[in-house]
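Note that the chains take the letters A, B and C in the order they are written out, and that residue 1 is the start of every chain.
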Amino acid sequence: MTPYLFLLLVKAALYTVAISAAAIVIGVSLGLGVAAARASPNPLLNWPARAYVSFFRGVPLLVQLLLIYNLLPVVGLNVPSVVAAVAGLALCTSAYQAENLRGGFASVPKGLLESADMLGLTPWQQLTRIRAPIAFRLTLPAVVNEAILILKASSLVSVVGVVELTRMAQDLDTSLFKPIQLYSAAGLLYFLINRGVAGFGRFAEQRLAWGAR
Amino acid sequence: MTSAISVKHLSKSFGSTEVLHKIDLEIPEGAATCVIGPSGSGKSTFLRCLAFLEEADSGVIEVNGDSLGFTEDASGRRKRVPAAQIRKVRAAIGMVFQQFNLWPHMTALGNVSEALKLVRRLPRAEAEDRAMAQLQRIGLAAFAGRYPSQLSGGQQQRVAIARALALEPKIMLFDEATASLDPELTGEVLGVMRGLAEDGMTMVIVTHEIGFAATIGRQVVFLDHGRVLMSGGPQEVFGKPRHPRIEQFLDTYLDRGAAMLM
Amino acid sequence: MRFDYTLILSRAPDILAALGVTVYVWLVSLAGAAALGFAVALGRRYGPRWLNGLLVAYVELFRGTPFLVQLFLLYFGGPYVGLSLDAEPAGVLALSVYGGAYFSEVFRLGFEAVPRGHIEAAQCAGFSRTQIVRRILVPEMAVLTLPAAINLAVSLLKDTAVLSVVTVPELTLTVSTIGTEFYAFVEALFLLALGYWGLVEIAAALGRFAEGRLARFRFA
């Protein structure tokens, strides 16, 4: 494992992080929308949302990626493979995030909203000033968890031709025939990135602890 | 003695269980009314109806002359009043909960000033000044920057009282305000409540603290199974209880070594 | 969609065979992962200290890296250290080791969730360590961890799709190959997705049934 090889892998790892970050941001935003629809009493919003969550959690990510990658050109969207990859990852995670967010919002103690009611806060004010910040804090561990899962799941986009960390290791292996070194190094890089994200998650939790230890 | 709150034929059921049964009650202005009774008597539900956190199934509540939630015409049909009216009536009422319900992501000062900023639309500086003044009144000015998780139960409840008082309500409702507190901490909260009563605030206090109810209440209301068994001055209710259930209740209370009344 | 679904019927036997492979691989890996995870959880709880470090390393590494990389390491790297496996056995082994790390965490937390008081009561009654583990700890842990274990089992089912990358003839590989043959790749993928969706829902329903049957043992 020469330093040069390792650097190639590190570069690819950065690409992995970028792809994952994009997928997470889009996924959380989508998830918010789906969670809102899911929470709505209107069946026209509720049922499609439930089907959405059930589908994207019930189908293997690999199949979802293959489907999106091959479907987009058919409907006329000729996008680079990385865009299809990020879209696939984002859609998949949005279903999980929607459930996390739903749980978070439901866990906001009712009393906090009743006192807001008594003090005269409007429903919108309650949503933005009380429910959202508290739900966010409650959901944070799950969101960080999901981020780590995305980072690992991003290895599957290698199958649709995106040259991220796993694909880079594969490509190098086909010419160098050093699978153990390459895949171990790739694994190590994934591991370190995940540790970093977990550490950042703990840091964020501390900052949002509002005085509690 | 004018009535701050006028309750007529208030009834409420949860499913098939009737929790409040045709309650008629006048809450006098400028004085403390204590609502006592055994667990499950409907005390909290009654108070929450006064706050419109629960909607009664029938009957009317009038707060300072305005109908709260529903009006009833001569034939007994109910009509819901517009949301703006509900908010207007609610603006005159402040409530303190058993679970404090301070918002955990804001400091004590933040909690007290939030409604001033959002509802009264005061500029930040003025809202915080007024909030500080309230905190000073209850002796917690030094804790303004602390988060609820950094305060004791008694301190949190006092901040909750300050938060409600900041909006200058005419009526304060207390729903078992000391029930969640360790015994050593109830004193500081009861002290604040006593101060308010002495200043002439109209208060409706649901409580288990019988000794407190005896000395602070101008009117004591005994509720049992959703009915008002007796209402009157403390000497009457505690000294000459006219109902066997009340005697039974007081006996259990005295048996447990509580302070002598009157 | 110009896909002629009757064409599918002509390949039904292949698809059924592939379904069989998927289910077989899933169940065998599930058994392996559960057994491995159980052993690791017990080892971490009752084993010597030097073992603990090794086991923690195993769990952290296999939960902290992608399954695909682990699979490649085993399938492509294995022969270099004398471990030359065919695609299917390699897939099952990799999935078992991967799943084992997750199961070990589920079981470990399950062990910790068994109320101390129950164990202490047994100790006071004179149960031996083995008896406590066999008669109290493990049964209670099983009831507590059932929902999480079922969730894990369902995710393992989905992970079998990854084995298609190393040419294990399971559903994903077979159906996409058929799709390419009939020039109807996207339609085939849709059917594949629906197929998995159905499988997962069935597995989840079975899981809920099992939870219901064990509900009478719940105490929390």
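One rule holds in what follows: a contact is a pair of C-beta atoms (placed from the backbone, for glycine too) under 8 Å apart; a residue touches a chain by one contact, two chains touch by 3 or more.
Since the model is a prediction, treat every value here as computed from it, not as a measurement.
Touch-path distance (fewest steps) from chain A to chain C is 1. Of all chains, the one whose CA centroid is most distant from that of chain C is B. Looking at contact counts per chain pair, the maximum sits at A-C.
Chain A has the C-alpha centroid lying closest to the overall centroid of all protein C-alpha atoms shown. For this pair, chain A with chain C, the centres built from the Cα atoms lie 22 Å apart.
With each centre defined as the average position of its C-alpha atoms, the distance from chain B to chain C rounds to 55 Å.
A straight line joining the Cα centres of chain A and chain B is 46 Å long. Interface of chain B with chain A (complex): residues 51, 53, 87, 90-91, 93-95, 97, 99, 101-105, 114-115, 118-119, 146-150, 160, 163-164, 167.
Those residues of chain A lying in contact with chain B across their complex are 109, 111-112, 114-121, 125, 129-130, 133-134, 137, 208-212. Taken together, the chain C residues at the contact with chain A in this complex read 60-61, 64-70, 72-73, 76-77, 80-81, 158-162, 164-165, 172, 176, 185-186, 189-190, 192-193, 196-197, 200-201. Contact residues on chain A toward chain C in their complex (touch as defined above): 54-55, 57-64, 66-67, 70-71, 74, 152-156, 158-159, 166, 169-170, 173, 179-180, 183-184, 186-187, 190-191, 194-195.
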